[in-house]
Amino acid sequence: MATSAKSTDISKTDFGKSPINARLSAEQKLKLLTDMVRIRCFENESVRQYSAGKMGGFLHVYNGQEAIATGCASLMGDDDHMITAYRNHGHALGVGMNMNECMAELFGKATGCSKGKGGSMHFFAPDKNYWGGHGIVGGQTPLGLGLAYALKYKGVKGAAMCFMGDGAVNQGCLYESLNMASLFNLPVIYIIENNGYSMGTSLERSSAFKSCLAERAAGFNMEWAQCAGTDIYEVRASVQVAMERAHNESRPTMLEIDTYRYYGHSTADAKHNVVGGYREREEIDFYKKNHDPINVFKAKLIAEGVLTEEQFDTLEEGIKAEAAQSAVFADESPYPEVSSITEDVYYEVDRQTEAGRTGKHFFND
Amino acid sequence: MALIEYRDALNQAFDEELARDENVVLMGEEVAQYDGAYKVTKGLWKKWGDKRVMDTPISEAAFIGMGIGASMLGIRPVMELMFWSFATVAWDQIINNAAQVRYMSGGLINCPIVIRGPANGGTNVGATHSHTHENFLANVPGLKVVCPATAYDAKGLMKTAIRDNDPVMFMENTLLYGEKWEVPEEEYLIPLGKADVKREGTDITLIAHGRAALTALRAAEILAAEHNISAEVIDLRSIRPLDEEAILASVRKTHRAVLIEENKPFCGVGAQISSILMEKCFDDLDAPVLRISSIDAPAIYSPELERKQLPRPLDIVAKVLSIC
Amino acid sequence: MATSAKSTDISKTDFGKSPINARLSAEQKLKLLTDMVRIRCFENESVRQYSAGKMGGFLHVYNGQEAIATGCASLMGDDDHMITAYRNHGHALGVGMNMNECMAELFGKATGCSKGKGGSMHFFAPDKNYWGGHGIVGGQTPLGLGLAYALKYKGVKGAAMCFMGDGAVNQGCLYESLNMASLFNLPVIYIIENNGYSMGTSLERSSAFKSCLAERAAGFNMEWAQCAGTDIYEVRASVQVAMERAHNESRPTMLEIDTYRYYGHSTADAKHNVVGGYREREEIDFYKKNHDPINVFKAKLIAEGVLTEEQFDTLEEGIKAEAAQSAVFADESPYPEVSSITEDVYYEVDRQTEAGRTGKHFFND
Amino acid sequence: MALIEYRDALNQAFDEELARDENVVLMGEEVAQYDGAYKVTKGLWKKWGDKRVMDTPISEAAFIGMGIGASMLGIRPVMELMFWSFATVAWDQIINNAAQVRYMSGGLINCPIVIRGPANGGTNVGATHSHTHENFLANVPGLKVVCPATAYDAKGLMKTAIRDNDPVMFMENTLLYGEKWEVPEEEYLIPLGKADVKREGTDITLIAHGRAALTALRAAEILAAEHNISAEVIDLRSIRPLDEEAILASVRKTHRAVLIEENKPFCGVGAQISSILMEKCFDDLDAPVLRISSIDAPAIYSPELERKQLPRPLDIVAKVLSIC
């Protein structure tokens, strides 16, 4: 991939002037920055803890993509919902989940958001309109459609944002979903977080497309757009268009947001930054230097007079401490009981309703 | 009691539940304007309109997934697969989303969905259209699996399934849609996880589900009339949850059992029941528990042969005679 | 659906002048007509036999669509292949299968092309490059890709034509296939036989699209086109473009051919021509009157001086007799032996190879 | 004999078969340039190039289907599923195309494909990534299913699977990829349908497949050392075809059996074996055949607990002691 030709290039447009951004208070702007930094620090801490052997399975971190989850979450009203794939820590923190429950989940502890049952790929917070966290590539795209369907069915003015990666666009159920979204006028927003790679495969090696992936939606008579994911103002302005379309016209949108991941696909990916790997170190450095969503927004806020370097340092220190503290919390939390293995399988059994007490539900003996 | 068709019993269940709960919605291919490929949803679109009874494109993965997503937000979708055979294209949504989302979220999310449609061979529609997935689906913790054999059971179980807060896989049978049984006028529910002793007997227990339960009943009649053997027939009705107590009680009484299903043999439901009897009735058994399933090959098209591929009453009689 | 606005309207272009048609001999033209009539008569005979209770399961007939299968089959060279869905009798006869083996298959007889194991939806003739006959909607689309892949792998200059209905375009694996076809430069031609309905659902009620369904391929950077399926000259001219693209550039095409089915979805479809059904009788009559591919081509050949009415009648009589005779053949053929139920499951078992004799393959006892 | 990793044994099998037959091709996500997510195909793209070793998009349904279609024309594709768990999105292609096309064509079409990848829990990747489908797939006539437990078996069975003219579902295990076993330098093949008596014994038969066979071996050691019980360990290796003779011969000798698998219990492989023993060894058994499988719930993430969800040597020992 040419490191210069991508639409992540800082845009000429000043999206800070878009109505949705222009009306932000200084406090709200700082909240956006804070949220991005919280994601960054949480992920850094989780990588540290992973290396220390504190968790199992996979760890897919969000570093570099923070403007997307944060920008999208910041637009959510009471009836707007979110669902995403396994690279989901940013979205979880974005909607307001706390670091303790997230870190504890990574540790597989009973205090985790999913009681240690889901792990890194499966954070959920239905009370915050956040529906996970899904490990099967593309598998969440029909679920997002279902959220939108339910909103419309109930007659509320809401939208369902459904995220996926650039590799996920090659799962067929996405196209079935696009057709139904368009045909049934459902208020779903499909957001492709295009970070240029699905594991070790570059966009060009996995997908055939015209101008971009989102344009595939055009064939389903659906509105689509592409924007850059560096500047959170741009993310918010672009997503807001889709939000209004969902709220006011109950029509779907497909939006592609160009971004970049600094780490490997997961902590197991040793080929992402080595000679002979699938991308050059210079490419990573280029993005960190020119497209870091936190640096870019920080600079904007300093230019806007909303923030000083010193304030930022203080802010960051506090968040680092919060992240470190979440690891302590996770470490000190208990593991789930062995008996919990067969809990949360059936609603009726968990509640010991009549239905839950009738017949045999488990078959180990 | 009225004598009504299996399909109409289901239709009544839908109609009553649509009336009872505004969150119940029926969806699937041709279920609305066309009244259903097998007319199971006849008249419901006319009565309830587009919002409650909805046609979908031929996109099983996405519409089943849409139902699952909607159920997470409190809708209670009753999704038709025109054939359960077509679940193969929606397999991921069923296995990984419907079955696992409650668990992976530590119990935060429920999935009160019913997925339904016919699941049977015997109609000469070939191998791809004749799958019986109940053993596969009942293997998956998180799912419930129901296979009613009569109109009465179909209605009572469907109403319960719709009210159940877990995902229920409901397997009907095209060969039974047009058959009639007595069904009460007044409302009734049948719990999931309760087998039905469809015939009492003392010499041997025949355990079956779905249409095979009717085949077993016919075999029991022959056994009584021609061989003086009193066979008890247990219709499992629900595969998961399973009424293990009923199975054990009967076999502890008769000391013999034959297991009948229309599934393929390898790791079929009969294998599971046999292994339960092995473990829990070892000393009660006077003879090995034997199994009958469909002949172990893809469903053949040829009408003449497919009739022989599925278990017939005389196949059961022969097995019973071999151990009685 | 408006009966006048469809692109099945007889075209202004004279496709008889297209090079691929202009070079046809009178004999070859008569062969095209004959092949279409053979399909029509075979289908009529099979409907008759179905009504007489001679077969089980479903019967989906091809009446009204004959120009497509015939036109496509007529373009096939030694290295071109064909695969389709369950409405497959036309394609089967088109590639040269004989009526006896086809009718016997419908009857479930041992003399059927699939030995009575496949039935109406599953005709096959690998020796004629014909790969069926598939009952799961859309399920054949990755197989078609695989045929094209194999041709390219072997280095032969061939194309794989893969047919589907207008309802099948909403199965996700099609889009996965489009992406791979375009990405890997595979010589596959996806042909949508758009007859306006999937069972009782009109195109408009099942699909969201821009100008047509085939345009969805554009998003995958694939060439696409739409044409009418009434005039076999037009079908041949349109498909030939795709054939050449496949042969010369190893690039895929998606082609939508508008057509119409006269009968119901299957013989079980009672709602296709009744008041309150899903289409008006007038609509069916309109197509029969104005768009019948046999009548249109017959008229062309008469106008071209290649055929007379009398010759046509003789031709048709002969074919009707052939069809009637195939029913006699089928009727008199034996059913397969019960032992055959477990044959043709495993290659190695059938051949009694070492592998076929090792371990237990079947589990009835 | 060289001591090599399970993954390298597979790698050798691919390399040798790529050399032997120009129609063999490896495909899947990240198998080529990335050397495979688990490095099972390491170096093969470099050696054999784009044509023989090919990366695919994340489109399991289409690429598995493409492999099936290609196999019909004589290519011999070896398709990697990065996890067998992802077969759920390709289920229709496997069940309806790979398994049925030979039958529905009356034997005109063959499908010499291998579908492979890891199929196991125990790596803390959660419920959606820990499926073991061997019981589902072996239920389907037309498919063959293989689950090797050692590097030696993996190599010998893989070479045979690639040469087999039927579709073979080949299930590996991420927990074993890095384990080492002795593997001969010279070429060898292991037939499908031959179990391996991995330890001889006289008091009880432990029957298992995949990694559970190794767990059974460890249990057998404990039983010998601490309880003076001589356990015979049968590793099925191939689930379909199944080496029924080996099972029966052993149980007729020991008169007792415990069946171990990492699958979920309901209609698992153990259920099938138990039902076979019920039917064919009824009079040989001195005690009920017992089963152990993973704890009947979706795979839990928590590393601490998942370790306990899968069968452990002491679980087997306890079951054995209950009937010995």
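Every chain is named by a letter (A, B, C and D) in the order it is written, and numbering of its residues begins at 1.
Quick note on the criterion: a residue touches a chain if its C-beta (ideal position, glycine included) is under 8 Å from a C-beta of that chain, and two chains touch if they have at least 3 such contacts.
Model, not experiment: these values are computed from the prediction.
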Pair with more cross-chain C-beta pairs in contact, given A-D and A-B: A-B
Farthest chain relative to chain D (centres taken as mean CA coordinates): C
Chain centre separation in whole Å, for chain D relative to chain B (CA means): 30
Distance from the mean Cα position of chain C to that of chain A, given in whole angstrom: 45
Centre distance in Å when chain A and chain D are each reduced to the mean of their C-alpha atoms: 36
Gap in Å, rounded to a whole number, between the CA centres of chain B and chain A: 40
Interface hub residues of chain A, defined as touching at least two other chains: 114, 116-118, 122, 134-136, 139, 170-173, 176, 179, 183, 205-207, 342, 345, 362-363
Per-residue overlap in chain D, given as positions that touch at least 2 other chains: 57, 59, 61-62, 88-89, 92, 96, 103-104, 126-128, 141-142, 240, 264, 266, 272, 279, 296-298, 300-301
In the complex, chain C residues that touch chain B: 55-58, 105, 108-109, 114, 116-119, 121-122, 134-139, 167-168, 170-173, 198-201, 205-207, 271, 278, 335-336, 338, 340-342, 345, 362-364
Sites on chain B touched by chain C in the complex: 29-30, 33-34, 37, 55, 57-59, 61-62, 85-86, 88-89, 123-129, 264-266, 293, 295-298, 300-306, 308-309
Of chain A, residues touching chain C in the complex: 170-176, 178-179, 182-183, 205-210, 215-222
Sites on chain A touched by chain B in the complex: 81, 83, 112-118, 122, 124-126, 131-136, 139, 141-147, 149-151, 153-154, 172-173, 176-177, 179-180, 183, 342-348, 350, 354-355, 358-363, 365
Of all residues in chain B, those that touch chain D in their complex: 61, 88-89, 91-92, 95-96, 99-100, 103-104, 126-128, 131, 135-136, 138-142, 240, 263-264, 266-272, 274-275, 277-280, 282, 285, 287-291, 296-298, 300-301
